[in-house]
Amino acid sequence: MAARAALDIPDGSYVNLGIGIPEKVAAYVPEGREVIYHTENGLLGMGPAPMEGTGDPELINAGKRRVTAVPGASFFHHADSFVMIRGGHIDLCVLGALQVAQNGDLANWSTGAPDAIPAVGGAMDLVAGVNTIYVITQHTTRTGEPKLVESCTYPLTSRGVVDRIYTDLAVIDVTDEGFQVVELSPGVEFEYVEERTAGELLPIPDALREVK
Amino acid sequence: MAARAALDIPDGSYVNLGIGIPEKVAAYVPEGREVIYHTENGLLGMGPAPMEGTGDPELINAGKRRVTAVPGASFFHHADSFVMIRGGHIDLCVLGALQVAQNGDLANWSTGAPDAIPAVGGAMDLVAGVNTIYVITQHTTRTGEPKLVESCTYPLTSRGVVDRIYTDLAVIDVTDEGFQVVELSPGVEFEYVEERTAGELLPIPDALREVK
Amino acid sequence: MIDKRVTSVAEAVADIFDGATVMVGGFGEAGSPIELIHALVDQGAADLTVVNNNTGSGEVGLAALIKAGRVSKMICSYPRTANSTVFPELYRSGRTALDLVPQGTLAERIRAGGAGIPAFYTATSVGTPLEEGKEVRTIEGRDYVLEYGLTADFALIKCLRADYHGNLVFNKTARNFAPVMATASKTTIVQTMEVVTPGELDPESIVTPGIFVDRIVTVDNPALESELVARGVSYPCRSGCRGTRWLQELPSIFPTGPM
Amino acid sequence: MIDKRVTSVAEAVADIFDGATVMVGGFGEAGSPIELIHALVDQGAADLTVVNNNTGSGEVGLAALIKAGRVSKMICSYPRTANSTVFPELYRSGRTALDLVPQGTLAERIRAGGAGIPAFYTATSVGTPLEEGKEVRTIEGRDYVLEYGLTADFALIKCLRADYHGNLVFNKTARNFAPVMATASKTTIVQTMEVVTPGELDPESIVTPGIFVDRIVTVDNPALESELVARGVSYPCRSGCRGTRWLQELPSIFPTGPM
């Protein structure tokens, strides 16, 4: 999924990668493209993790793991970092999700369980401010429940913000008509995906199919 | 006037000096006091003017004259500069005035004349944000009109902000009861000042007189 | 003469009072002023409202302060972190309240508090449970919530290098919330690795001008939170040792002396 | 490959369109991007709304653009400066409108525009004529006016040194409005004295990160506005010379070549 999402990141983009699988996208960006990674705790120009046991404990990413800084990087404080996010300067953000609704609503910060400690971090700021929002997620939960849904039952992160979803089964755009499959994973049939999706799922349009 | 005002600037203060006579205050701060000057165009730690014909045309004060930077100075952008002003971090500001009312209202940016080009600069931000506002002004206009008035007739810079006024005739505090003389210039009688003041003017209290 | 140095972390935090609001710098361990926080644990002030992005980890630093029962309310964006066990317990038992604020809104509210901006509008949290109870306003066709500036009585922050006028520079992503917290607090207390003479820091590169700083204390060899947590250390240690010689009194755990 | 360099000031400003809003850096001559402004005079875009603290001086730089009749509206705090004669004439004749904004409010409105803050409250201008027509709100007992974020189509700014990713550092008080204007404009165009390779600028000291910058053009020996004004020079010169060789074509005034 991370590798597939990486193909869609344009050369020259400023990108924020969420914690978890989205972080792995950086490793798959095709040769020849230059992408600059932002981490909301105050670094533009984030590089890969340092060798195990090295690095600076005060050079970390939003997931609080040690990272490096590439040539041309800059450090800044938190308010300035969110100027980049809230002000619409970050081109693209790749996030995880608990649920995505067919109208683009995203839930990715809380299951709403009564004993859960609520924790939101920068997720709401990112989806409110970044121009293009990609989601990477397993197509269903561990217990087989659809994560692509008609409308979210978990507390929302924001309304109508998701542009594209990369799952283990397909690449799916959020459109006015519903979930639009644009690509199926190798060996996966449309009907198989449809059964595991709770919202309106549209098959790959013929025009798109012929190009492939 | 500038010399007298300088006596009242406490050691360790962060001070913004307005354009004109207020600028001269810096030259009179008593030996042994360390005062740090702020200029709203992005410098904390402003030093005196450089020697004629030297200096950097991009190291200037709010009056657009060349200045220097003292050891420990810092440069910052305009929004950060007004964080210092609006956020209440500057201890004291010395400004010029067209009129001061006995309730502390200040008018110092426009005569309201119909053909005047209005220009406000940072005056409204300074009086809204700085903790203590001193005014330096001639006691009357060139034509002999009082500049200390019952209420301002010129457009206001802000309401109820002036703490103390240094004129060629006296040092006067703005109090709930009106203009309170705290010091008369050498050889000046209270009645002489009173005749040239339009608002309520209170003589030096006995207690204060005895201390002197 | 402007000289903001104080001689010890104990002196630096001596006047923090019960019921105070305290902003604490750091994002995870990066920029966490761990020695100032431990001095505050020793000092004893209680019923504190603490502003930090997280709630600390293990039983040192901010987590030690929470564990000691001194924090009646946390204002933060992400109280759930790996190794963050202290806060969840107190939160679930109702002894520590939580005001959850999105990270960018938290940073901007602190910046606004320092900038004399009492309130501002942002699109963050619109249409979510965190919008509840807030004024929503449509500006040019988009909905925004009204958020208020946040100020504090004290800020505790950590920097790399300071001059004794209080000008500060930071280390990499340890900068995070510290510069805005310094602007938003009545009294800003800084622990620094090194103090230099005014003029030694490049005036073009100073991140926090001295006007925002009140006290500076040198902690030239600060503890590393992640290492302490990995080794299961608590503050005070389980046999009660505390103060600046705390780590030295744990020779079996730290045979090479202080970290 | 990220390389934001363009080869000439003419190319840098080529797409500025009639009716555009253009933020122009500089406080007086400090930070004024005079060569970019002259390129804009030559380019011909008209009906511009210009945001700058002042209105230029003499008949070069911003004053030249105003004199050429290209500016239908100025948004500024202080249009009245020594040697500022061009704007007053056009203002009095009604050909250039003026939106007067207090300096700190101007800076904060630009910062808000760049930060995705559509509006904020400030005490500045409360109780004055500049409050007129604005919403006033009482927050914790004090009155504040509502001010809106300000954005632009283009920013023209000047810096000391850039890398070709667009990271910028500035010279002393020439920094002024440039960093916030860079954040608030769709297209930020920078003239720099020098371009270096990414990595050559200290990442702790970069003032404007490259994310806010779109185009960089090297002007290694920019003209000094105050000197031009003192010598009574106009742009274009009175015999019509213009472009980057403008100054060289004035040998009698500048016998030593370009300044």
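A few remarks follow.
Letters A, B, C and D name the chains as they come in the text, with residue numbers starting at 1 for each one.
Here, a contact is a pair of C-beta atoms (placed from the backbone, for glycine too) under 8 Å apart; a residue touches a chain by one contact, two chains touch by 3 or more.
The model shown is predicted, which means the values in this text are computed figures rather than measured ones.
Number of steps on the shortest path from chain C to chain D, with steps defined by chain touch: 1. Listed by label, the chains that touch chain A and also chain D are C.
For the pair chain A and chain C, the distance between mean C-alpha positions equals 30 Å.
Measuring from the averaged C-alpha position of chain A to that of chain B gives a distance of 55 Å. Centroids built from CA atoms put chain C at 37 Å from chain B. Of all residues in chain D, those that touch two or more other chains are 108, 111, 115-117, 122-123, 170, 172, 204, 207. Touching of two or more other chains is recorded for residues 69, 75-76, 82, 85-86, 128-129 of chain B. Pairwise, the chains that touch each other are A-C, A-D, B-C, B-D, C-D. On the chain B side of its complex with chain C, the touching residues are 11-12, 14, 34, 36, 38, 44-45, 69-76, 82-90, 128-129. Chain D contributes residues 1-2, 111, 114-117, 163, 165, 167, 183, 197-199, 203-204, 206, 209-212 to its touches with chain A in the complex. Against chain D, the residues of chain C that register as touching in their complex are 108, 112, 115-123, 137, 139-140, 142, 144, 148, 169-170, 172, 202, 204-205, 207. By the touch rule above, chain A contacts chain C in their complex via residues 39-43, 56-60, 64, 69, 75-79, 81-82, 85-86, 110, 115, 117-125, 128-129, 155-159. Chain contact summary for the complex, chain C toward chain A: residues 27-31, 53, 77-82, 87-88, 91-92, 98, 100-108, 110-111, 122-130, 170-180, 207, 224-226.
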